[in-house]
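Both of the next two complexes hold chain A, though its partner changes from chain B to chain C.
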Partner chain A sequence: MPELIAKSALEGRSLTLGGVTLAEVDVGPITSIALLPGGAKAVAKGLKPLGLSMPEPNSFAEKKGARIVWTGRDQAFLTGADCPDMEGAAVTDQSDGWAVLALSGAAAVDVLARWVPVDVRLAAFPVGRALRTQLNHMNVILLRSGDYAFEIMVFRSMARTAWHELEAATHMVAARAGVKI
Partner chain B sequence: MRLTCPLCGERDRREFYYYGAEDYLHRPSEGAPLAEWDSYLHLRDNPAGVTKDLWYHEAGCSQWLLVTRNTVTHEISSVEMVAGRKA
Partner chain C sequence: MRIDGKGLIDRTKPVRFRFDGKDYAGYKGDTLASALLANGVRLVGRSFKYHRPRGVLTAGSEEPNALVEVVGPTNQTPNVRATMQEVFEGLVTQSQNRLGSLRFDLMAVNDYLSPFLSAGFYYKTFMWPRAFWEGLYEPIIRRAAGLGSLSGKHDEGTYEKAFAFCDVLVIGSGPSGLMAALTAGRAGADVILCEESHALGGRLLSDGGTIGGVPAGEWVASVVAELQALPNVRIMLRTSVTGAYDHGTYGALERVGLHKPARPNLPRECFWRIVAPHAVLASGALERPVAFENNDRPGIMMASAVRTYLNRYGVVPGQRVTLFANTDQARATARDLMAAGVQVAAIIDPRPDAFSVEDCPVHVGAEVIGTRGRMGLRGITVRKGSETFEVETDCLAMSGGWNPTIHLTCHMNGRPRWNEDLAAFVPMEGAVPGLVAVGAANGSMSTHGALVTGHAAAVQAVEALGRKVSVPLPEAEDAPYRLRALWAVEGKGRAWLDFANDVTTNDVKLAAQEGFRSVEHMKRYTTQGMAPDQGKNSNVAALAVLADATGRGIAETGVTTFRPPYVPVSIAAMGAGGRAEGFAPQRFLTSDQASRDRGAPMIEAGLWYRPSYFPKPGETTWREACDREVNMVRQAVGVADVSTLGKIDIQGRDAGRFLDFVYTNTFSTLPVGRVRYGLMLREDGLVLDDGTSARLGDDHYLMTTTTAAAGLVMRHLDFVHQAFCADWQVRFISVTESWAQFAVAGPKARALVNSFLEEPVELPFMGVAPVRIGGVDGRLFRISFSGEEGYELAVPTRFGEALFRDLVARAETMGGGPYGMEALNVLRIEKGFITHAEIHGRVTAHDIGMEKMVSAKKDCIGKAAATRPGLWGPEREQLVGLKASAPISAGAHLFVPGTEVHRETDQGYVTSVCWSPTVDAWLGLAFLKDGRARQGERVRLVDHLRGLDVICEVCHPVFHDPEGEKLRA
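Our next item is the complex of A and B:
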């Protein structure tokens, strides 16, 4: 079998403007774990070797480079590690279906606020939280990875649009900051 | 308008899709008389006051929600998940 080279949606592009950095990041494999009825125990056992467990709603957890993100009722995405064999869940590889953008900097919160209809300020959306929401009209998974850092998981087919929207908002926020009142 | 999703918390109306009256949760059993099917498919109340309807959190957790709200005061008194609910 020929060796195929995986390509990311945006070829790892990045942009820094007005103290905000937007970059495509590679989070490694992405696996959806959707609990089957009564499968919670088996899944807890399956995730044990990674030191992770199914996350509470609106949260994510990390351990040694592996991350588990809540993505819905009885569903989570495991990223950054191969998924161990497990019973009790429908496990599907989603690696090729998503693009992940990292947005960081002091004004990152202002950039997001232009597109996301939830309060993303630190007090309302602290580190370790993960939300399913919208970026303009695109469904995204939004993670608070640091005080001034977010990660945005978006459908790969919408990666360029998401980039465009965030780039435009970054320009607007930077331009606004440059205007002396 | 904001709905408090039992999983996601308080969210903007634009994240939700409106489906229709709660009646859709009460599908007649097989062999039910035609009148019941007629009622299930076509007949809807239009109350001035408390009403229950189905909303879908399409930009969030993808759950169907049963929302109790007041059409006069616009008060939303409860939002429950349809999944796992006792019929």
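Our next item is the complex of A and C:
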């Protein structure tokens, strides 16, 4: 039989408006690493070749395109690199379970403020922080990837709703700023 | 009438607007109220109950009279306060709550019926006959009394919700608010300054005066310029802070686009939730009316409002103005009017010791006791000692002193304190954690007092934030505030307290007389304070009258509870984005587009959208399509997307042990490569969910749940793990979204599946194996929810759409095709498989005939609780099948034929039904008392809702292939 064609949730959609850019991005493989009791040492050893370690709560770290994101107690998502073989953790492929949206621009914080109930002021949520929070009614993982840049991981099946909410907010923020659409 | 050279309106920008079908001119910076007054329009509304002609009373959000409808291109907004609505080119407005025109409102007959319409009238008048209330009295009363009307259409306008965070929230931008914002802003704190109006400055814009040796307007302009330049200060105009909530959270409503012509994507309003550890309440004070006979005529206004219209909008509401006020401060209104060349006919001051320095007639120790002019004030009657006299006037400015705007301080149950000197309630300190009231809101009535307290509160906040600041305090007036409380002028006629709900002093006295002596009872009996203005203009005066009527002091009488919101908030703003499909997230399958391409109507299953059926040309009803799809699966092969089922990946040395603990049956003994059906109980012993779990490796399982309970089961597993076995070597995570999974069922299922596999596998029933499909690693399960030989093929979600399209296309070449939820349901009913229609939260394993699945060899969640008396035995309703030759319905109840049909003789109920093309009969699943022992009996099925009354045969729930030969083929 012919090869199956892969499709992302939003087929790489993007939008730029009023200084805000919203785009679906491919972050490569996503692997959940859940520490088993007593597994910390083995996991540290397993992550060593990537130059990464299990992140502190509400944070993420990057090394050469690979990123490790705190996602819960004793749990992290490794993105952008294949997960090395390791003991001491339950390792589960999550690559297809999430859609990742990149939101950037000077008004990105204003767009987020429409749906995300947490303080995303730079001082409170600096680059390198990651939160499990809500985007309107959806659970998301929110990363501060730059002073004016965020990444939002949302359940793949809800990607269209997430896009719709962010697109609507982007339009409203732009309309407030007097941008003609 | 407009006064040249006065006001902050932009006279270079005229705008035209419409009120009640007539075009008027105003200027940018005008409110609807100021523009109408400038055009000499005094009559703007009708009162709630008596339909009395009413005019503008105030110049702020507390306005009780001037409520209008704003008519937009697609919507109509009722109860808009003309004092807050700014005019713009093309604004269309109309008066409301009238029958006929505003001038000739037919409902004004109510005013003549007022002796019958006093407080509590409908409790007394409309008690009998009882049945008439809902059908007759209430609709009439609702028509007669009321507010604005809606368009009856969906509000498709754009609304917004948003969150904001800051260090210091400043509420109000009068002298105290500006001083607080400036102080906190200079200290470098993140400041949000909310101002309800469209310009910063508060009363300074109306009252003038000097601050720091310069005119107040200049001081405001310089502070505003500095605040605008500070990157850490955010100014939110047209934003009313509506409520104070836990943890320093404040609700606020911003009028974003209501002052402009509608523009695509520009929100009309935004509902903010602002979180601030420190808040400064600089909300000022509200001037209070005095109750005297016929004090509600158009042309009678608050003194401060007259001053605002003059100084801020360059408008005088009359040619011959009179002032009735009991404070020194209110005299400024008369002085400003005279300075602007307006005639002041008289100043009436009830204080016998008041001064009289103004260059106009001043009557001290006098009171207004009556007014004339139904459609607009023409004159007043004044009583001084024993003599009474008339004064011709078309505008009466009144003031009974000021009430600090303390509402927010009471939103967390704080009770205000009575201050005898101010004759007003002031905030209880610390009533809302982190919030400090300053300026007039805290009873500091002078400009100096406002600056000092605003500054001090900001300093306290910035120091708590670990910052330092030094801002010099400018000089300002510090006149003492002197008044003699005057709530109501003695008299027999109707004197209004609550203009918005038509409550008079007589109503309050009547309430007291009839035993409603508590302020909360008086409020509900008279409806005082229950109108859109929430008693902002009337609460204190009403309770003062009540205190007097009941012989108590005001402090003792107390106040009613202040609740959010401070101003009316449109539901559209609070629920922004939540209309129609915005109500909840939508979850889409990878096969979604492919299903829609085939014309499948989509139905909601939780948040998911699933195809209901796949119509073929010539099929006119869903039943035709459904019957065909059922036969197709039974005779050839069908494909269905089952990705919505919950999938939980479970790993670790104790994974089997964990499953043994949460399932009633045993999974630790399941061989690798095999799948087992499992039943899960809640802690109370009732059934939580069912599904299959596969063993993928020694320490690796994959659990599936029903679509409906996917989240519930995940939560349950988390709870069990965290509460009872946190130290076990087990971890689990949802992989529902990671896999697209398709059921392939029917006699030709194996052939179809094998044609897709790079290496065909020979799977036993309830087997699982890794497979390669089209260059992709997938999983193949041999499980069935249809009663036919069935497989489920899973691939990573990104390949789902491609695989679904290929599977369906190839199935069609074999006489098969896709099937939807309707057929899926029929297939499972024929096979007697349960869903959450059956395991609805009130059934036990015994009820569904699965008590043998509760392993005797081990413990599990819910096992002990399931053995409680009453949860098993013949008195329970047990799962049975039903067969009938006429249509039956889910939700119907079952009775013994020949017995009466009522609650006591109820034998059970039906949970699922279908027409079975396979059995050629109507089939149902039902719960029947002692049902398993009653197979072969006949029961009477009754559904009053659908008018069904059918005799059914009680059967074993499995109608199709009871031995399971097809499954295992």
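Everything below uses one rule, namely that the second predicted complex is superposed on the first by the 175 of 181 C-alpha atoms of A that agree within 3 Å, B and C clash if a C-alpha of one lies under 4 Å from a C-alpha of the other, contacts with A are read in each partner's own complex, and residues count from 1 in each chain.
Simple rule for what comes next: a contact is a pair of C-beta atoms (placed from the backbone, for glycine too) under 8 Å apart; a residue touches a chain by one contact, two chains touch by 3 or more.
Since we're looking at a predicted model, the values are computed, not measured.
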Touched partner set for A:R132, first chain B, second chain C, both or neither: first
Which of chain B and chain C A:R121 touches, first, second, both or neither: second
Touched partner set for A:A102, first chain B, second chain C, both or neither: neither
A:Q94 touches, of chain B and chain C: first, second, both or neither? second
Partner chain in contact with A:N58 - chain B first, chain C second, else both or neither: first
Which of chain B and chain C A:A34 touches, first, second, both or neither: second
Superposition-derived comparison: chain B or chain C, residues of chain A touched: C
Contacts of A:E3 with chain B and chain C, given as first, second, both or neither: second
Where chain A meets both chain C and chain B, residue numbers: 117-118
Chain A residues within the chain B interface of the complex: 57-58, 72-73, 117-118, 131-134, 139
Footprint of chain C on chain A - complex, ascending: 1-8, 32, 34-37, 75, 89-98, 113-114, 116-119, 121, 124, 136-138, 155-158, 160-162, 165, 168-169, 171-172, 174-176, 181
Parts of chain B lying in touch with chain A, wherever the complex brings them together: 7-9, 11-12, 14-15, 58-63, 81, 83
Interfacial residue positions of chain C with respect to chain A in the complex: 158, 160-165, 190, 256, 263-267, 273, 275, 577, 584-590, 607-608, 649, 651-653, 727-739, 755-756, 773-776, 795-799, 801-803, 806
